[in-house]
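Note that chain A is present in both complexes that follow, paired respectively with chain B and with chain C.
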Partner chain A sequence: MRFRIMLLFTILFITLTKTVVFAHGSNQGGSDHHARVGELANFEGKLETTGEGKSPYEVQFHALRLEDGAEILSIKSNSTDGSYKFAMQFFDGAEHQVSIALINPATKSVLVEKKLSVEVEGFHPPFAVKFKTLAFLLFVIAFGMVVGVSVSRWGKTKRNWKGDHPHVA
Partner chain B sequence: MSHKFEHAKKYNVKNMFLSLPVQLSAVLFLAGIVIYTTLFSGYAPVHDAVHELRHALMFIPCH
Partner chain C sequence: MSKAAFISIIAIIFAVFAISSATASEPVTVNVQKEQGGNARPDLDTAKVELTFADIQNGTAHISLRSPERKFFSPTDFPMVEGTDLIDATLPIENGKATFQYMFPIRGDYHLKAEVMNGEGKAAGTHKLVINIKENPKEVRNAFLFLSILIAFGLAIGYVLSRRRKNVYAV
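Let's look at the complex of A and B:
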(Lines of atoms letter the chains of each structure in order from A and count residues from 1; the text may use other names and numbers.)
(Lines give C-alpha, C1' and ligand atoms only; values in the text may rest on other atoms or scores of the structure.)
Protein backbone atom coordinates (compact mmCIF):
# COMPACT_ATOMS: atom_id res chain seq x y z
CA MET A 1 0.00 0.00 0.00
CA ARG A 2 2.79 2.37 0.97
CA PHE A 3 4.64 1.52 -2.23
CA ARG A 4 1.56 2.33 -4.33
CA ILE A 5 1.12 5.71 -2.63
CA MET A 6 4.82 6.52 -3.14
CA LEU A 7 4.55 5.51 -6.81
CA LEU A 8 1.45 7.65 -7.28
CA PHE A 9 3.13 10.66 -5.67
CA THR A 10 6.26 10.17 -7.79
CA ILE A 11 4.25 10.05 -11.02
CA LEU A 12 2.20 13.08 -10.01
CA PHE A 13 5.35 14.99 -9.04
CA ILE A 14 7.04 14.26 -12.35
CA THR A 15 4.03 15.01 -14.54
CA LEU A 16 2.92 18.14 -12.72
CA THR A 17 6.28 19.88 -12.72
CA LYS A 18 5.80 22.29 -15.58
CA THR A 19 9.12 24.05 -15.16
CA VAL A 20 10.72 24.70 -18.51
CA VAL A 21 14.45 24.36 -18.29
CA PHE A 22 16.33 26.35 -20.83
CA ALA A 23 19.76 25.62 -22.13
CA HIS A 24 22.68 27.57 -20.76
CA GLY A 25 22.79 31.23 -21.69
CA SER A 26 19.42 31.20 -23.43
CA ASN A 27 17.81 33.83 -21.22
CA GLN A 28 20.49 36.48 -21.30
CA GLY A 29 18.64 38.77 -23.70
CA GLY A 30 20.07 41.57 -25.81
CA SER A 31 20.09 39.63 -29.07
CA ASP A 32 19.53 40.93 -32.61
CA HIS A 33 17.02 38.36 -33.67
CA HIS A 34 14.35 36.32 -31.94
CA ALA A 35 13.21 32.82 -32.99
CA ARG A 36 11.21 29.94 -31.60
CA VAL A 37 12.27 26.31 -31.59
CA GLY A 38 10.77 24.31 -34.47
CA GLU A 39 9.49 27.36 -36.35
CA LEU A 40 10.98 28.87 -39.47
CA ALA A 41 13.12 31.92 -38.82
CA ASN A 42 13.69 34.22 -41.78
CA PHE A 43 16.87 36.14 -42.40
CA GLU A 44 16.52 38.73 -45.11
CA GLY A 45 18.58 41.78 -45.99
CA LYS A 46 21.27 43.24 -48.14
CA LEU A 47 25.01 43.41 -47.71
CA GLU A 48 26.44 46.61 -49.17
CA THR A 49 29.52 46.09 -51.28
CA THR A 50 32.20 48.63 -52.11
CA GLY A 51 32.32 47.51 -55.69
CA GLU A 52 35.12 44.99 -55.25
CA GLY A 53 34.99 41.86 -57.34
CA LYS A 54 32.43 40.97 -59.91
CA SER A 55 28.86 39.89 -59.33
CA PRO A 56 27.31 37.38 -58.88
CA TYR A 57 28.74 37.11 -55.40
CA GLU A 58 28.62 34.05 -53.23
CA VAL A 59 26.61 34.39 -50.04
CA GLN A 60 27.72 32.11 -47.22
CA PHE A 61 25.26 31.50 -44.38
CA HIS A 62 26.49 30.00 -41.08
CA ALA A 63 24.53 29.21 -37.95
CA LEU A 64 26.53 28.46 -34.83
CA ARG A 65 25.29 27.33 -31.44
CA LEU A 66 27.14 29.41 -28.86
CA GLU A 67 26.58 26.91 -26.06
CA ASP A 68 29.20 24.51 -27.40
CA GLY A 69 30.34 26.11 -30.66
CA ALA A 70 28.59 23.52 -32.82
CA GLU A 71 27.89 24.41 -36.45
CA ILE A 72 24.17 23.94 -36.99
CA LEU A 73 23.85 24.96 -40.61
CA SER A 74 26.13 26.09 -43.41
CA ILE A 75 24.70 26.89 -46.82
CA LYS A 76 25.81 28.85 -49.84
CA SER A 77 23.86 30.89 -52.33
CA ASN A 78 24.45 33.44 -55.08
CA SER A 79 23.49 37.07 -55.26
CA THR A 80 24.02 39.74 -57.90
CA ASP A 81 23.49 42.78 -55.70
CA GLY A 82 24.38 41.48 -52.21
CA SER A 83 20.83 40.78 -51.13
CA TYR A 84 20.11 37.55 -49.29
CA LYS A 85 17.17 35.57 -48.00
CA PHE A 86 17.54 32.48 -45.80
CA ALA A 87 15.14 30.54 -43.62
CA MET A 88 15.96 27.90 -41.05
CA GLN A 89 14.57 26.08 -38.05
CA PHE A 90 16.39 26.01 -34.74
CA PHE A 91 16.45 22.76 -32.83
CA ASP A 92 17.75 24.02 -29.53
CA GLY A 93 16.40 26.70 -27.19
CA ALA A 94 19.79 28.34 -26.71
CA GLU A 95 21.60 31.38 -28.04
CA HIS A 96 22.93 31.08 -31.58
CA GLN A 97 25.06 33.20 -33.83
CA VAL A 98 24.20 33.59 -37.48
CA SER A 99 26.80 34.99 -39.85
CA ILE A 100 26.14 36.02 -43.42
CA ALA A 101 29.18 36.68 -45.57
CA LEU A 102 29.51 38.01 -49.10
CA ILE A 103 32.36 36.25 -50.86
CA ASN A 104 34.22 37.22 -54.00
CA PRO A 105 33.88 34.12 -56.23
CA ALA A 106 37.20 34.74 -57.95
CA THR A 107 39.49 35.17 -54.94
CA LYS A 108 37.25 33.50 -52.32
CA SER A 109 37.92 36.41 -50.01
CA VAL A 110 35.25 37.71 -47.67
CA LEU A 111 34.03 41.11 -48.84
CA VAL A 112 31.45 41.87 -46.18
CA GLU A 113 30.35 39.89 -43.17
CA LYS A 114 27.36 40.42 -40.92
CA LYS A 115 27.00 38.64 -37.58
CA LEU A 116 23.67 38.36 -35.78
CA SER A 117 23.02 36.91 -32.38
CA VAL A 118 19.77 34.96 -32.27
CA GLU A 119 17.92 34.24 -29.08
CA VAL A 120 15.95 31.05 -29.60
CA GLU A 121 12.97 30.62 -27.34
CA GLY A 122 12.55 27.14 -25.94
CA PHE A 123 9.20 25.84 -24.75
CA HIS A 124 7.74 22.76 -23.20
CA PRO A 125 6.92 20.06 -25.78
CA PRO A 126 3.19 20.05 -26.66
CA PHE A 127 1.18 17.19 -25.18
CA ALA A 128 0.38 15.73 -28.62
CA VAL A 129 4.10 15.51 -29.48
CA LYS A 130 4.92 13.90 -26.14
CA PHE A 131 2.08 11.40 -26.49
CA LYS A 132 2.97 10.39 -30.04
CA THR A 133 6.67 10.00 -29.25
CA LEU A 134 6.00 7.99 -26.10
CA ALA A 135 3.51 5.76 -27.95
CA PHE A 136 6.05 5.13 -30.72
CA LEU A 137 8.85 4.24 -28.30
CA LEU A 138 6.59 1.97 -26.26
CA PHE A 139 5.41 0.29 -29.44
CA VAL A 140 9.04 -0.49 -30.33
CA ILE A 141 9.61 -2.01 -26.88
CA ALA A 142 6.33 -3.99 -27.04
CA PHE A 143 7.22 -5.27 -30.49
CA GLY A 144 10.63 -6.39 -29.21
CA MET A 145 8.99 -8.21 -26.29
CA VAL A 146 6.51 -9.97 -28.56
CA VAL A 147 9.32 -11.06 -30.89
CA GLY A 148 11.40 -12.26 -27.92
CA VAL A 149 8.55 -14.30 -26.44
CA SER A 150 7.66 -15.74 -29.87
CA VAL A 151 11.26 -16.78 -30.55
CA SER A 152 11.51 -18.36 -27.11
CA ARG A 153 8.25 -20.31 -27.60
CA TRP A 154 9.23 -21.33 -31.12
CA GLY A 155 12.53 -22.71 -29.81
CA LYS A 156 10.74 -24.61 -27.09
CA THR A 157 8.27 -26.11 -29.57
CA LYS A 158 11.12 -27.12 -31.85
CA ARG A 159 12.99 -28.83 -29.01
CA ASN A 160 9.85 -30.70 -27.95
CA TRP A 161 9.18 -31.74 -31.55
CA LYS A 162 12.67 -33.19 -31.80
CA GLY A 163 12.07 -35.17 -28.64
CA ASP A 164 14.63 -33.25 -26.68
CA HIS A 165 13.54 -32.68 -23.08
CA PRO A 166 16.21 -30.61 -21.34
CA HIS A 167 14.19 -30.46 -18.13
CA VAL A 168 14.37 -34.23 -17.78
CA ALA A 169 17.60 -35.29 -16.08
CA MET B 1 -14.34 -34.39 7.15
CA SER B 2 -11.91 -32.06 5.47
CA HIS B 3 -12.21 -30.11 2.25
CA LYS B 4 -9.29 -28.90 0.21
CA PHE B 5 -9.77 -26.20 -2.40
CA GLU B 6 -6.81 -26.52 -4.74
CA HIS B 7 -8.27 -24.09 -7.25
CA ALA B 8 -8.14 -21.31 -4.66
CA LYS B 9 -4.36 -21.62 -4.60
CA LYS B 10 -4.09 -21.69 -8.37
CA TYR B 11 -6.17 -18.61 -9.14
CA ASN B 12 -5.15 -16.29 -6.34
CA VAL B 13 -3.90 -12.74 -6.95
CA LYS B 14 -0.24 -13.63 -6.43
CA ASN B 15 -0.28 -16.18 -9.23
CA MET B 16 -2.14 -13.80 -11.49
CA PHE B 17 0.72 -11.29 -11.20
CA LEU B 18 3.23 -13.99 -12.07
CA SER B 19 1.64 -14.60 -15.47
CA LEU B 20 3.63 -13.56 -18.55
CA PRO B 21 1.21 -10.97 -20.02
CA VAL B 22 0.94 -9.16 -16.69
CA GLN B 23 4.70 -9.16 -16.23
CA LEU B 24 5.25 -7.84 -19.77
CA SER B 25 2.66 -5.13 -19.15
CA ALA B 26 4.42 -4.17 -15.94
CA VAL B 27 7.75 -3.90 -17.78
CA LEU B 28 6.08 -1.78 -20.46
CA PHE B 29 4.56 0.47 -17.81
CA LEU B 30 7.91 0.92 -16.07
CA ALA B 31 9.59 1.59 -19.43
CA GLY B 32 6.96 4.26 -20.07
CA ILE B 33 7.74 5.96 -16.76
CA VAL B 34 11.49 5.86 -17.42
CA ILE B 35 11.14 7.17 -20.99
CA TYR B 36 8.75 9.94 -19.95
CA THR B 37 11.03 11.00 -17.11
CA THR B 38 14.14 10.93 -19.24
CA LEU B 39 12.84 12.59 -22.37
CA PHE B 40 9.87 14.75 -21.43
CA SER B 41 10.14 15.70 -17.79
CA GLY B 42 10.79 19.36 -17.07
CA TYR B 43 12.19 18.49 -13.67
CA ALA B 44 15.50 20.37 -13.64
CA PRO B 45 17.93 17.75 -12.21
CA VAL B 46 16.67 15.08 -14.63
CA HIS B 47 16.70 17.50 -17.55
CA ASP B 48 20.26 18.63 -16.86
CA ALA B 49 21.51 15.08 -16.43
CA VAL B 50 20.20 13.91 -19.81
CA HIS B 51 20.57 17.17 -21.71
CA GLU B 52 23.28 15.83 -24.01
CA LEU B 53 21.39 12.58 -24.58
CA ARG B 54 18.33 14.49 -25.75
CA HIS B 55 20.45 16.40 -28.23
CA ALA B 56 22.15 13.26 -29.43
CA LEU B 57 18.83 11.51 -30.02
CA MET B 58 17.46 14.43 -32.12
CA PHE B 59 14.04 13.20 -31.05
CA ILE B 60 12.44 16.02 -29.14
CA PRO B 61 12.74 19.25 -31.09
CA CYS B 62 11.99 21.64 -28.27
CA HIS B 63 12.99 22.33 -24.70
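Let's look at the complex of A and C:
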Protein backbone atom coordinates (compact mmCIF):
# COMPACT_ATOMS: atom_id res chain seq x y z
CA MET A 1 0.00 0.00 0.00
CA ARG A 2 2.73 2.43 1.05
CA PHE A 3 4.80 1.50 -2.01
CA ARG A 4 1.88 2.38 -4.25
CA ILE A 5 1.49 5.76 -2.55
CA MET A 6 5.22 6.51 -2.96
CA LEU A 7 5.07 5.50 -6.62
CA LEU A 8 2.07 7.78 -7.14
CA PHE A 9 3.83 10.73 -5.53
CA THR A 10 6.96 10.14 -7.62
CA ILE A 11 5.02 10.07 -10.87
CA LEU A 12 3.00 13.16 -9.91
CA PHE A 13 6.17 15.03 -8.96
CA ILE A 14 7.84 14.24 -12.24
CA THR A 15 4.87 15.05 -14.43
CA LEU A 16 3.28 18.05 -12.73
CA THR A 17 6.35 20.24 -12.12
CA LYS A 18 6.34 23.27 -14.44
CA THR A 19 7.87 22.47 -17.78
CA VAL A 20 9.33 25.92 -18.38
CA VAL A 21 12.48 26.89 -16.49
CA PHE A 22 13.86 30.41 -16.19
CA ALA A 23 17.52 31.31 -15.88
CA HIS A 24 18.87 33.24 -12.95
CA GLY A 25 18.17 36.95 -12.96
CA SER A 26 15.72 36.87 -15.82
CA ASN A 27 12.91 39.37 -15.54
CA GLN A 28 10.11 38.91 -18.00
CA GLY A 29 9.84 41.29 -20.90
CA GLY A 30 12.25 43.89 -22.22
CA SER A 31 14.14 41.89 -24.79
CA ASP A 32 14.08 42.27 -28.53
CA HIS A 33 13.88 38.68 -29.61
CA HIS A 34 12.38 35.51 -28.18
CA ALA A 35 13.68 32.05 -28.90
CA ARG A 36 12.99 28.56 -27.65
CA VAL A 37 15.40 25.73 -26.93
CA GLY A 38 15.03 23.05 -29.58
CA GLU A 39 14.02 25.39 -32.42
CA LEU A 40 15.99 27.46 -34.89
CA ALA A 41 15.86 31.22 -34.28
CA ASN A 42 15.90 33.20 -37.55
CA PHE A 43 17.73 36.47 -37.95
CA GLU A 44 16.96 38.06 -41.27
CA GLY A 45 17.16 41.64 -42.38
CA LYS A 46 19.22 44.31 -44.00
CA LEU A 47 21.86 46.63 -42.63
CA GLU A 48 21.83 50.03 -44.30
CA THR A 49 25.09 50.71 -46.05
CA THR A 50 26.39 54.19 -45.29
CA GLY A 51 28.18 54.59 -48.59
CA GLU A 52 31.59 53.80 -47.18
CA GLY A 53 33.43 50.87 -48.66
CA LYS A 54 32.11 48.94 -51.57
CA SER A 55 30.35 45.64 -51.94
CA PRO A 56 30.66 42.79 -51.41
CA TYR A 57 30.40 43.62 -47.73
CA GLU A 58 31.07 41.22 -44.93
CA VAL A 59 28.31 40.64 -42.38
CA GLN A 60 29.62 39.28 -39.09
CA PHE A 61 27.20 37.49 -36.75
CA HIS A 62 28.06 36.98 -33.07
CA ALA A 63 25.94 35.24 -30.46
CA LEU A 64 27.05 35.66 -26.86
CA ARG A 65 25.70 34.05 -23.71
CA LEU A 66 25.40 36.81 -21.12
CA GLU A 67 25.60 34.56 -18.04
CA ASP A 68 29.30 33.87 -18.50
CA GLY A 69 30.24 35.83 -21.63
CA ALA A 70 30.75 32.67 -23.68
CA GLU A 71 30.73 32.98 -27.44
CA ILE A 72 28.15 30.58 -28.83
CA LEU A 73 28.43 31.27 -32.56
CA SER A 74 30.62 33.54 -34.63
CA ILE A 75 30.01 33.32 -38.34
CA LYS A 76 30.23 35.66 -41.29
CA SER A 77 28.71 35.86 -44.70
CA ASN A 78 29.26 38.02 -47.76
CA SER A 79 26.51 40.35 -48.89
CA THR A 80 26.25 42.74 -51.82
CA ASP A 81 23.73 45.12 -50.25
CA GLY A 82 23.93 44.52 -46.50
CA SER A 83 21.15 41.94 -46.32
CA TYR A 84 21.73 38.95 -44.11
CA LYS A 85 20.03 35.71 -43.16
CA PHE A 86 21.25 33.55 -40.31
CA ALA A 87 19.50 30.85 -38.32
CA MET A 88 20.82 29.25 -35.17
CA GLN A 89 19.45 27.40 -32.21
CA PHE A 90 20.00 28.69 -28.69
CA PHE A 91 20.47 25.58 -26.61
CA ASP A 92 20.69 27.27 -23.20
CA GLY A 93 17.59 28.83 -21.62
CA ALA A 94 19.43 32.01 -20.63
CA GLU A 95 19.75 35.54 -21.95
CA HIS A 96 21.88 35.96 -25.03
CA GLN A 97 23.10 38.92 -27.01
CA VAL A 98 23.31 38.82 -30.78
CA SER A 99 25.36 41.38 -32.65
CA ILE A 100 25.26 41.73 -36.42
CA ALA A 101 27.93 43.97 -37.91
CA LEU A 102 28.51 45.22 -41.43
CA ILE A 103 32.22 45.20 -42.13
CA ASN A 104 34.23 46.90 -44.83
CA PRO A 105 36.17 44.00 -46.33
CA ALA A 106 39.14 46.16 -47.30
CA THR A 107 39.85 47.80 -43.95
CA LYS A 108 38.01 45.28 -41.69
CA SER A 109 36.39 48.19 -39.88
CA VAL A 110 32.83 48.05 -38.59
CA LEU A 111 30.47 50.26 -40.60
CA VAL A 112 27.11 49.50 -39.00
CA GLU A 113 26.38 47.35 -35.98
CA LYS A 114 23.09 46.07 -34.63
CA LYS A 115 22.81 44.51 -31.18
CA LEU A 116 19.81 42.43 -30.11
CA SER A 117 19.08 40.83 -26.78
CA VAL A 118 17.53 37.40 -27.05
CA GLU A 119 15.61 35.76 -24.26
CA VAL A 120 15.56 32.01 -24.62
CA GLU A 121 12.80 29.89 -23.16
CA GLY A 122 14.14 26.69 -21.66
CA PHE A 123 12.24 23.54 -20.85
CA HIS A 124 12.54 20.59 -18.51
CA PRO A 125 13.91 17.45 -20.14
CA PRO A 126 11.26 15.19 -21.65
CA PHE A 127 9.47 12.86 -19.24
CA ALA A 128 11.03 9.75 -20.81
CA VAL A 129 14.55 11.05 -20.12
CA LYS A 130 13.70 12.01 -16.52
CA PHE A 131 12.13 8.60 -15.91
CA LYS A 132 15.03 6.68 -17.46
CA THR A 133 17.61 8.59 -15.43
CA LEU A 134 15.64 8.17 -12.20
CA ALA A 135 15.18 4.45 -12.84
CA PHE A 136 18.87 4.05 -13.63
CA LEU A 137 20.05 5.80 -10.46
CA LEU A 138 17.58 3.85 -8.33
CA PHE A 139 18.80 0.65 -9.96
CA VAL A 140 22.38 1.53 -9.03
CA ILE A 141 21.39 2.00 -5.37
CA ALA A 142 19.34 -1.20 -5.46
CA PHE A 143 22.33 -3.04 -6.88
CA GLY A 144 24.45 -1.78 -3.99
CA MET A 145 21.77 -2.90 -1.54
CA VAL A 146 21.64 -6.39 -3.01
CA VAL A 147 25.40 -6.67 -2.65
CA GLY A 148 25.22 -5.38 0.94
CA VAL A 149 22.51 -7.85 1.91
CA SER A 150 24.39 -10.75 0.33
CA VAL A 151 27.55 -9.74 2.24
CA SER A 152 25.64 -9.79 5.49
CA ARG A 153 23.97 -13.13 4.68
CA TRP A 154 27.33 -14.62 3.79
CA GLY A 155 28.50 -13.59 7.25
CA LYS A 156 25.43 -15.31 8.80
CA THR A 157 26.06 -18.48 6.79
CA LYS A 158 29.65 -18.61 8.01
CA ARG A 159 28.51 -18.14 11.60
CA ASN A 160 25.95 -20.96 11.18
CA TRP A 161 28.65 -23.27 9.87
CA LYS A 162 30.78 -22.49 12.90
CA GLY A 163 27.90 -23.60 15.12
CA ASP A 164 26.81 -20.22 16.40
CA HIS A 165 22.98 -19.97 16.58
CA PRO A 166 22.10 -16.28 16.67
CA HIS A 167 18.27 -16.68 16.72
CA VAL A 168 17.87 -14.45 13.73
CA ALA A 169 14.72 -14.77 11.68
CA MET B 1 40.95 -24.45 -54.72
CA SER B 2 44.70 -24.68 -54.61
CA LYS B 3 46.66 -22.91 -51.92
CA ALA B 4 48.44 -20.69 -54.44
CA ALA B 5 45.17 -19.50 -55.97
CA PHE B 6 43.76 -18.69 -52.53
CA ILE B 7 46.82 -16.68 -51.49
CA SER B 8 46.88 -14.77 -54.78
CA ILE B 9 43.20 -13.83 -54.41
CA ILE B 10 43.85 -12.49 -50.90
CA ALA B 11 46.87 -10.54 -52.18
CA ILE B 12 44.83 -8.96 -54.99
CA ILE B 13 42.03 -7.90 -52.61
CA PHE B 14 44.60 -6.40 -50.23
CA ALA B 15 46.30 -4.54 -53.08
CA VAL B 16 43.00 -3.13 -54.33
CA PHE B 17 42.19 -1.74 -50.89
CA ALA B 18 45.70 -0.38 -50.39
CA ILE B 19 45.73 1.40 -53.74
CA SER B 20 42.21 2.77 -53.45
CA SER B 21 42.87 4.25 -50.01
CA ALA B 22 46.02 5.90 -51.26
CA THR B 23 44.33 7.67 -54.15
CA ALA B 24 40.94 8.48 -52.58
CA SER B 25 40.69 12.16 -51.53
CA GLU B 26 37.82 13.76 -49.70
CA PRO B 27 36.22 16.75 -51.48
CA VAL B 28 35.47 18.41 -48.13
CA THR B 29 37.14 17.79 -44.79
CA VAL B 30 36.31 19.36 -41.46
CA ASN B 31 38.63 20.15 -38.56
CA VAL B 32 37.29 21.09 -35.13
CA GLN B 33 39.72 22.42 -32.54
CA LYS B 34 39.75 24.68 -29.50
CA GLU B 35 41.41 28.06 -29.98
CA GLN B 36 44.50 26.84 -28.15
CA GLY B 37 44.41 23.41 -29.83
CA GLY B 38 42.98 20.19 -28.49
CA ASN B 39 39.50 18.71 -28.29
CA ALA B 40 36.60 21.07 -27.75
CA ARG B 41 34.43 20.22 -24.76
CA PRO B 42 30.66 20.59 -25.14
CA ASP B 43 29.08 23.67 -23.53
CA LEU B 44 32.47 24.95 -22.34
CA ASP B 45 34.82 25.63 -25.23
CA THR B 46 34.13 27.69 -28.30
CA ALA B 47 35.57 25.53 -31.06
CA LYS B 48 36.99 26.75 -34.34
CA VAL B 49 35.38 24.74 -37.14
CA GLU B 50 37.36 24.82 -40.35
CA LEU B 51 36.07 23.32 -43.59
CA THR B 52 38.65 22.62 -46.28
CA PHE B 53 37.45 22.27 -49.85
CA ALA B 54 39.62 20.40 -52.31
CA ASP B 55 37.90 21.53 -55.52
CA ILE B 56 36.75 25.08 -54.83
CA GLN B 57 38.97 28.06 -54.07
CA ASN B 58 36.35 30.81 -53.91
CA GLY B 59 32.63 30.41 -53.53
CA THR B 60 29.96 29.99 -50.86
CA ALA B 61 28.84 27.05 -48.76
CA HIS B 62 25.34 26.82 -47.31
CA ILE B 63 25.84 24.78 -44.16
CA SER B 64 23.28 23.19 -41.95
CA LEU B 65 24.38 21.54 -38.71
CA ARG B 66 22.26 18.96 -36.97
CA SER B 67 22.76 17.75 -33.42
CA PRO B 68 23.31 14.06 -32.55
CA GLU B 69 20.18 11.94 -32.52
CA ARG B 70 18.70 10.90 -29.20
CA LYS B 71 20.03 7.56 -28.01
CA PHE B 72 17.92 5.26 -25.84
CA PHE B 73 20.58 4.94 -23.15
CA SER B 74 22.94 7.73 -22.03
CA PRO B 75 21.02 11.01 -22.31
CA THR B 76 23.18 14.14 -22.66
CA ASP B 77 23.36 17.48 -20.87
CA PHE B 78 20.64 19.09 -22.99
CA PRO B 79 18.12 16.38 -23.91
CA MET B 80 15.83 18.95 -25.62
CA VAL B 81 18.61 19.68 -28.13
CA GLU B 82 19.16 16.09 -29.29
CA GLY B 83 18.12 15.53 -32.89
CA THR B 84 17.40 19.19 -33.75
CA ASP B 85 18.81 21.69 -36.25
CA LEU B 86 21.51 23.94 -34.84
CA ILE B 87 22.84 26.21 -37.58
CA ASP B 88 21.56 27.22 -41.00
CA ALA B 89 23.76 29.84 -42.67
CA THR B 90 25.79 30.60 -45.75
CA LEU B 91 29.54 30.94 -45.45
CA PRO B 92 32.04 32.36 -47.90
CA ILE B 93 34.83 30.05 -49.08
CA GLU B 94 38.14 31.90 -49.24
CA ASN B 95 41.27 30.13 -50.54
CA GLY B 96 39.53 26.77 -50.24
CA LYS B 97 38.65 27.26 -46.57
CA ALA B 98 35.56 28.30 -44.65
CA THR B 99 35.69 28.84 -40.89
CA PHE B 100 33.34 29.72 -38.07
CA GLN B 101 33.45 29.53 -34.28
CA TYR B 102 30.80 27.48 -32.51
CA MET B 103 30.18 26.13 -29.04
CA PHE B 104 28.83 22.62 -29.41
CA PRO B 105 26.10 21.93 -26.85
CA ILE B 106 26.37 18.16 -26.27
CA ARG B 107 28.66 15.21 -26.96
CA GLY B 108 28.07 12.92 -29.94
CA ASP B 109 28.16 12.82 -33.73
CA TYR B 110 26.97 16.03 -35.37
CA HIS B 111 25.88 15.94 -39.02
CA LEU B 112 27.03 18.84 -41.17
CA LYS B 113 25.55 19.26 -44.63
CA ALA B 114 27.37 21.68 -46.94
CA GLU B 115 25.84 22.81 -50.25
CA VAL B 116 28.72 24.30 -52.20
CA MET B 117 28.48 26.96 -54.88
CA ASN B 118 31.49 28.07 -56.86
CA GLY B 119 32.55 31.64 -57.59
CA GLU B 120 29.98 32.11 -60.37
CA GLY B 121 27.10 30.97 -58.19
CA LYS B 122 26.72 27.57 -59.78
CA ALA B 123 25.95 24.61 -57.54
CA ALA B 124 29.01 22.44 -57.06
CA GLY B 125 27.79 19.56 -54.97
CA THR B 126 26.34 18.71 -51.59
CA HIS B 127 28.58 17.10 -49.00
CA LYS B 128 27.69 15.42 -45.73
CA LEU B 129 30.22 15.39 -42.91
CA VAL B 130 30.28 14.04 -39.39
CA ILE B 131 31.80 15.95 -36.47
CA ASN B 132 32.44 13.98 -33.30
CA ILE B 133 32.57 15.85 -30.00
CA LYS B 134 33.82 13.90 -27.01
CA GLU B 135 32.34 14.39 -23.55
CA ASN B 136 34.20 16.55 -21.04
CA PRO B 137 36.58 14.07 -19.31
CA LYS B 138 35.93 15.72 -15.94
CA GLU B 139 32.20 15.05 -16.32
CA VAL B 140 32.84 11.38 -17.10
CA ARG B 141 35.08 11.11 -14.05
CA ASN B 142 32.48 12.82 -11.86
CA ALA B 143 29.77 10.50 -13.17
CA PHE B 144 31.80 7.43 -12.18
CA LEU B 145 32.52 8.93 -8.77
CA PHE B 146 28.82 9.65 -8.24
CA LEU B 147 27.80 6.13 -9.24
CA SER B 148 30.41 4.58 -6.94
CA ILE B 149 29.15 6.74 -4.06
CA LEU B 150 25.61 5.52 -4.78
CA ILE B 151 26.77 1.89 -4.80
CA ALA B 152 28.65 2.39 -1.55
CA PHE B 153 25.53 3.99 -0.06
CA GLY B 154 23.40 1.03 -1.18
CA LEU B 155 25.99 -1.38 0.17
CA ALA B 156 26.01 0.33 3.55
CA ILE B 157 22.21 0.38 3.77
CA GLY B 158 21.83 -3.24 2.63
CA TYR B 159 24.42 -4.45 5.08
CA VAL B 160 23.28 -2.43 8.09
CA LEU B 161 19.59 -3.19 7.70
CA SER B 162 20.08 -6.96 7.36
CA ARG B 163 22.57 -7.57 10.15
CA ARG B 164 21.53 -9.85 12.96
CA ARG B 165 18.72 -8.49 15.05
CA LYS B 166 18.25 -9.44 18.68
CA ASN B 167 14.88 -10.07 20.32
CA VAL B 168 13.12 -10.96 17.10
CA TYR B 169 10.34 -12.65 19.07
CA ALA B 170 9.50 -9.40 20.86
CA VAL B 171 8.28 -7.94 17.54
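Everything below uses one rule, namely that the second predicted complex is superposed on the first by the 103 of 169 C-alpha atoms of A that agree within 3 Å, B and C clash if a C-alpha of one lies under 4 Å from a C-alpha of the other, contacts with A are read in each partner's own complex, and residues count from 1 in each chain.
Throughout what follows, a contact is a pair of C-beta atoms (placed from the backbone, for glycine too) under 8 Å apart; a residue touches a chain by one contact, two chains touch by 3 or more.
Everything numeric here is computed off the predicted structure, so don't read it as measured data.
The larger set of touched chain A residues comes from C, when the choice is between chain B and chain C.
By the touch criterion defined above, A:F91 reaches both chain B and chain C.
Once the two complexes are laid over each other on the shared chain, residue contacts for A:L8 go to neither chain B nor chain C.
With both structures placed on the common chain, the touch criterion links A:P125 to chain B and to chain C. Of the two partner chains, chain C is the only one touched by A:V151; chain B is not. In the superposition on chain A, A:L134 makes contact with chain B only, while chain C stays out of contact range. With both structures placed on the common chain, the touch criterion links A:K76 to chain C but leaves chain B unconnected. When the two complexes are laid over each other on chain A, chain A has residues 37-38, 91-92, 122-123, 125, 129, 133, 137, 141-142, 145, 149 in contact with both chain B and chain C. Those residues of chain A whose C-beta lies close enough to touch chain C in the complex are 37-40, 58, 61, 70-78, 85-89, 91-92, 122-123, 125-126, 129, 132-133, 137, 140-153, 156, 166-169. Of all residues in chain A, those touching chain B in their complex are 11, 13-15, 17-23, 37-38, 91-93, 122-125, 129-130, 133-134, 137-138, 141-142, 145, 149.
Of all the residues in chain C, the ones that touch chain A in their complex are 43, 46, 60, 73, 75, 78-81, 84-92, 100-103, 105-106, 147, 150-166, 168. Residues of chain B that touch chain A in their complex: 20, 24, 27-28, 31-33, 35-37, 39-44, 47-48, 51, 55, 58-63.
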